[in-house]
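Several structures are given next for inspection.
First subunit A sits with subunit B, and in the next complex the same chain sits with subunit C.
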Partner chain A sequence: MTIVSPSFYALTAVFLLLYYVLPGRLQWAVLLAASVSFFCFAGVPYTIVYLALSALVTWYAANKIGEAKEKEAEGKGEAKRWLLLALFVNLGLLAALKYANFLLTNAGAVYGAVSGTAVQWRVNWPAALGISYYTLQLTAYLADCYWGICKPQKHFGRLALFSSFFPQMVSGPISKYDELGKALETEHRFDAENLREGLLRIVVGVFKKIALADNLAFLIPHFLHADVAGTAPFPLLAMLCFVVQVYADFSGCMDIISGVALLFGIRMTKNFDAPFTSRSIQEFWQRWHITLGRFLKEYVMYPLLRTKTWAKMGKGLKKSFGKSAAKKIPTYVAMLILWFFMGLWHGGGWNYILEGVWFWLVIVSGDLLTPLFKKINAGFDTEAAWFVLFQRVRTLLIYAVGAVLFYFPSVTDGLAALKEIFSPFFFAAPEKISAQITGFTELSGTVITVGQLAGMGFAFVLFLINAHLERKHGGLAARIAHWPVSMQVLLSAVLLYILIFIGAYGPGYNAAEFVYGGF
Partner chain B sequence: MASEQRVNRKKSPVLTLLTIVVIALMLYSLLPLSYLLREKGQNRDNVAGFYAEEENTLDVVYVGASSCITFWSPLQAWHDYGFTSYNFAHHTMTARTVKYYIIEALKTQTPELFIVDLRPFQYADGPNYETGTDNLHAEYAIRNGTDHLFYFNENRRDLIRASVPEGERLSYYADIIKYHSRWVFIPFALVQGETDFFDFADNVKKNPHKGFYTATRTRPLTFTDYRDVTEVSPLPQQTDEILTELLEFCKEKDLQVLFVVHHYPQTAEEKALYNYMEERVRAYGLDFLNANDDWESIGFDFDGDMYDSNHTNIFGAEKYTAYLADRIVTHYGLADHRGDAAYAEWDALYETYAEETAAAKEALLSGVSEDAADE
Partner chain C sequence: MTREEILAKATEIFRDVFDDDSIELTEETTAADIEDWDSLMHITLINEIEEAFGYKFGMKEVLGMKNVGEMCDILEKNT
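== the complex of A and B ==
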């Protein structure tokens, strides 16, 4: 079961009915039952044990932290011990289930290099659905309880629901307890407005996913096919298509998630805010996967900067290199750790880590070169439309480089692809480009229909319109909120009707799982 | 944000009505669009053409795989003997599909005789959807049978259930799931004014050849006469069960059925299989004919009458049709409708057909064949 499959909506409809028919005090139980059902249908059922264990340990430890903190000074050490214990269990489970093979592969490579005997160490431990999301969410909750930002939840069932709320198990967002936990504690009455907006968001999300992202997922391997790869524009097209695919896929998924949550009266934390309108990569990461960036800043980077080690580092640097270096270098080091984890979070692979380090490098270089850029830009109107466009395209290309590393599991393949993409294809012999275009046409003639390509083009136009509306109005669903309901119904029906023809589904398509669904 | 700020929307009955009308139109359009997006070609022409036949006007319905389409010429049989017939056949028909095509035929026709091509029973041990190792059992073979029939059809549903494993059936029931990305041909056809394209919108379209295809190529084949082979080789269990089911059905419906084996360079093992099928068919009181046993008396020439190892060309078709039509008239005493005004259309179609086949034969004799067209 995926969140674009009919069975998911059937499940949602059943629990939605129960949610509003049963007394409000039972709503949390209905949602928990829905979450357990979804987990069992969409994931490996027995792995719910991992989720249950994390929720139980977190609930118990958080309450112990709360009790310890009431003891004032003497309780501080006890609270810290409970915090560390719970983090050890939760993060240990995440490390074991998600990164064991990464560690074993690397350990095997080192062992092989030293001993001269090639070994392949692997384990087959299926990870729990959404483990990367709920683990971070519970980590944030524990830290907030420890820091006194939120009060521990006494009711285990409610904390279990916060850990497992079904719409967000596929692709997040990583919500804080104050946001999602509180919303789940509140009783919700049926609201036609929520239903309207929720359904519209779902339609937009499904459209993004099936009409655009999945079609592109189908197309990209053909752009990278050996017959057409080379110095011609195909690797570049593949890169740009992948950027659009990831965005359409992930943001489409978020639209569906927030739409489904809204049907239950719950407004999810925003995870995207028109990222491709960003003028710098720093701004981009404040608009893309917002909740992951926020988590890493608030629960990794800032706590690091507050540690004694960092304070000592600053002092040492101040003596040797001056005030500016003392301020910047510890921050850059903390940022490197943040970006390392940002990369690692996406999966156990050096390509992900390299992707994270790439963004760190760009941001740090940008910061260091700010004085130079200021001098260069002094002659321009930096608010002129052309300059803003230049900055946006530049940001997109910087992100695209990271996306290429993300796409190829092998770092070598990723770097080779980048070399191909940025090799001077503009200077390639015209006949070579022409031959490769012919090659692609011949290849695609057998596997990609004109209908698919035209459908993708159409979906891309709608996607651009939605992306434009996102910055100004928060997307299509919000933009047309004041339209008459009949018009909104009509628009949704038209989108679904078009989706029947241009969507990537059915035999012959190999619809991709949500790109962020594997984390 | 909707839940916090109530939106004051204008209500317009006109807009509401417009929405209802547009949604109704979209829903209404799905059926013809589904039909338009289906595969086109001989299979489609034959099924849509069968649906276009006037009710209860066919004396003979010929059911089977692609060889029927090239062997039996309904218009020649009409011209020479005056009975009506139709090739309700498609490429790669599976053994399992045969019964369902007979059921489909019985919905609109009450033929005196069904002719069933036994070739599908030679290949199969039943549809093997999962492995798809044999082309006859792959998705393609099944879809050739299921995708051209009318929607909302209990018989089509039963055929899908019988042929496709549970969990894989949705795109067979609603074949638009399979073919939806062909939508671009619709605007192309509109722009280019191809009105023919839209003839299939109701899945009904007259087939002027009554399911026959004029094959214009000659492949000389080596034929070994196995008339003397009397051994009997049983069919694999699953195929045998399918044959039994078909024979039981024919008996239950009290149908007159002639089971045939077309000319082709069969092996001794295959002859033994057909001997077994003959025994089974005759045990049910039904008729059987292996055309390979009569090749000499017919004057069938394996050097000049075959299109490939499974299909005949126009010369072979003429010989086979003359031979079988004569047998049908002799054994089943069908009425001669020639001269009946109600069947005037058949005469008109024959005129065109005769011109086409004359041209085809001339081209073939002068060395122009489908191979040349392919090149």
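== the complex of A and C ==
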């Protein structure tokens, strides 16, 4: 069961009915039952034990932290011990289930290099559905209890629901207890407005996923086909397709998740805010997967910068290299750790880590070169439309480089692809470019049909329209929400009609896994 | 320390951290009003304020402060 399969909506409908028919005080239990059912249908059922263990340990430790904090100064050490114990169990489970093979492969490679005997160490431990999301959410909850930002939830069932709320198990967002936990504690009455807005978001989300993302995903291997290797436009088209695919896939998924949650009267934390209108990559990461960036900033980078080690680093640098170095270098080091984890969170692979380090490199370079940029930019109006457009295209290309590294599991393949994408246009001789264009024309009639290329163009245009709407109105669904209901129904019907004709599904086809569902 | 003294001392620290003598703090000043005050510089700024005022903020305060006025409230209560 995926969140675009009919069975998911049947399950949602059944629990939605129970949610509003049964007394309000039982709503949390209905949602917990829905979450357990979804987990068992969509994931490997027995792995719910891992989720239950994390929820139980978190619930118990958070209450112990709460009790210890009431003792004020003398309870400080005790609170810290409970925090560390719970983090050890939760993060240990995540490390074992998600990263064991990454660690074993690398350890095997080192062992092979030293001993001269090639070994392949692997384990086959299925991870619990949504483990990367709920582990981080529970980590934030524990830290918030420890820091006094929120009060521990005394009711285990309610904490279990906060850990497993079913719409967000596939791709997040990573919510704070004060946001989602509080909303789940509140009783919700049926609201036709929520139903309308929720359904609209679901239609837009399913359209983004099945009509756009999955069709683009189908084209990419063709553009990377051995027959066209080294032919200039194809690797570039593959890269652009992947950028639009990941965006349509992930933001579509978020539309569906927030839509389903809204049917139950719950507003999820915003995870996207017009990322492709960003003027710098730093701004991009404040608008793309917002809740992951927020988690890493508030629960990894800030606590690191507040440790004695970082304070000492700053003081040492001030003595040896001056004030400016003391301000910048400790932050850059903490950021490198943040970006390492940002990469690693996506999966156990060096390509993901390299992707994270790439963004770190761009942000740090940008920060170091700020005085130079200020001098250059002093000569013209930096708010001029052409300059804003230039900054947006530049940001998209920087992101696209990261996306290419993300796409290829092998770092060597990713770097080779980048070389292919970016070198022909700058270094190829005119006759070579002409030959490449001829190759493109020939190929578009064979491997890839003209219809498919037109579909790709359609997806790109929708992508640009959506980026514009997101900036102005908060997205396609939010924009349509202001229209008269009859127009909303009409547009939904048009989207569904297009979906039926160009949606990537049918006999022998299963909707592709969500890109962010694999994390 | 009076509120005015806190604001004046904080202004000096802000000017030093952001290398910008034109900074004039008010109670309503937020990160959006100062060009270089982003998430990279936030903790550096907090650390400098702590050192100057001899008070260590809790993480709840670090993450919860919405503007300079709220920072002054905390410093006024604790220094």
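We adopt the following convention: the second predicted complex is superposed on the first by the 475 of 519 C-alpha atoms of A that agree within 3 Å, B and C clash if a C-alpha of one lies under 4 Å from a C-alpha of the other, contacts with A are read in each partner's own complex, and residues count from 1 in each chain.
Following the convention adopted for this analysis, contacts are C-beta pairs under 8 Å (C-beta built on N, C-alpha and C of every residue); 3 or more make two chains touch, one makes a residue touch a chain.
All values reported here derive from a predicted model rather than from experimental measurement.
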Chosen between subunit B and subunit C, the partner touching more subunit A residues is B
(message) Which partner chains sit in contact with A:Ile376 here, subunit B, subunit C, both or neither? Use first/second/both/neither.
(response) neither
Requested in this report: Return first, second, both or neither, reflecting whether A:Ala493 touches subunit B, subunit C, both chains, or no partner chain.
Outcome: first
- Query: Is A:Gly455 contacted by the first partner subunit B, the second partner subunit C, both or neither?
  - Reply: first
Could you look at A:Trp147 and tell me whether it touches subunit B, subunit C, both or neither (first, second, both, neither)?
-> second
By the touch definition at the top of the document, which applies to A:Arg196: first (subunit B), second (subunit C), both, or neither? first
Taking the superposition on A as described, I'd like to know which of subunit B and subunit C A:Val485 touches: first, second, both or neither.
first
As the complex stands, subunit A meets subunit B at residues 191, 193-194, 196-197, 265, 267, 449-452, 454-455, 478, 481-487, 489-490, 493-494, 497, 500-503, 505-508
In the complex, subunit C touches subunit A at residues 17, 38-44, 47, 58-60, 62-64
The residues of subunit B that touch subunit A in their complex are 1-3, 6-12, 15-16, 18-19, 22-23, 26, 30, 33, 139, 171, 176-178, 180-185
Listed in rising order, subunit A residues that touch subunit C in their complex are 143, 147-149, 282, 297-298, 301-303, 305-306, 311, 314, 327, 330-331, 335, 367
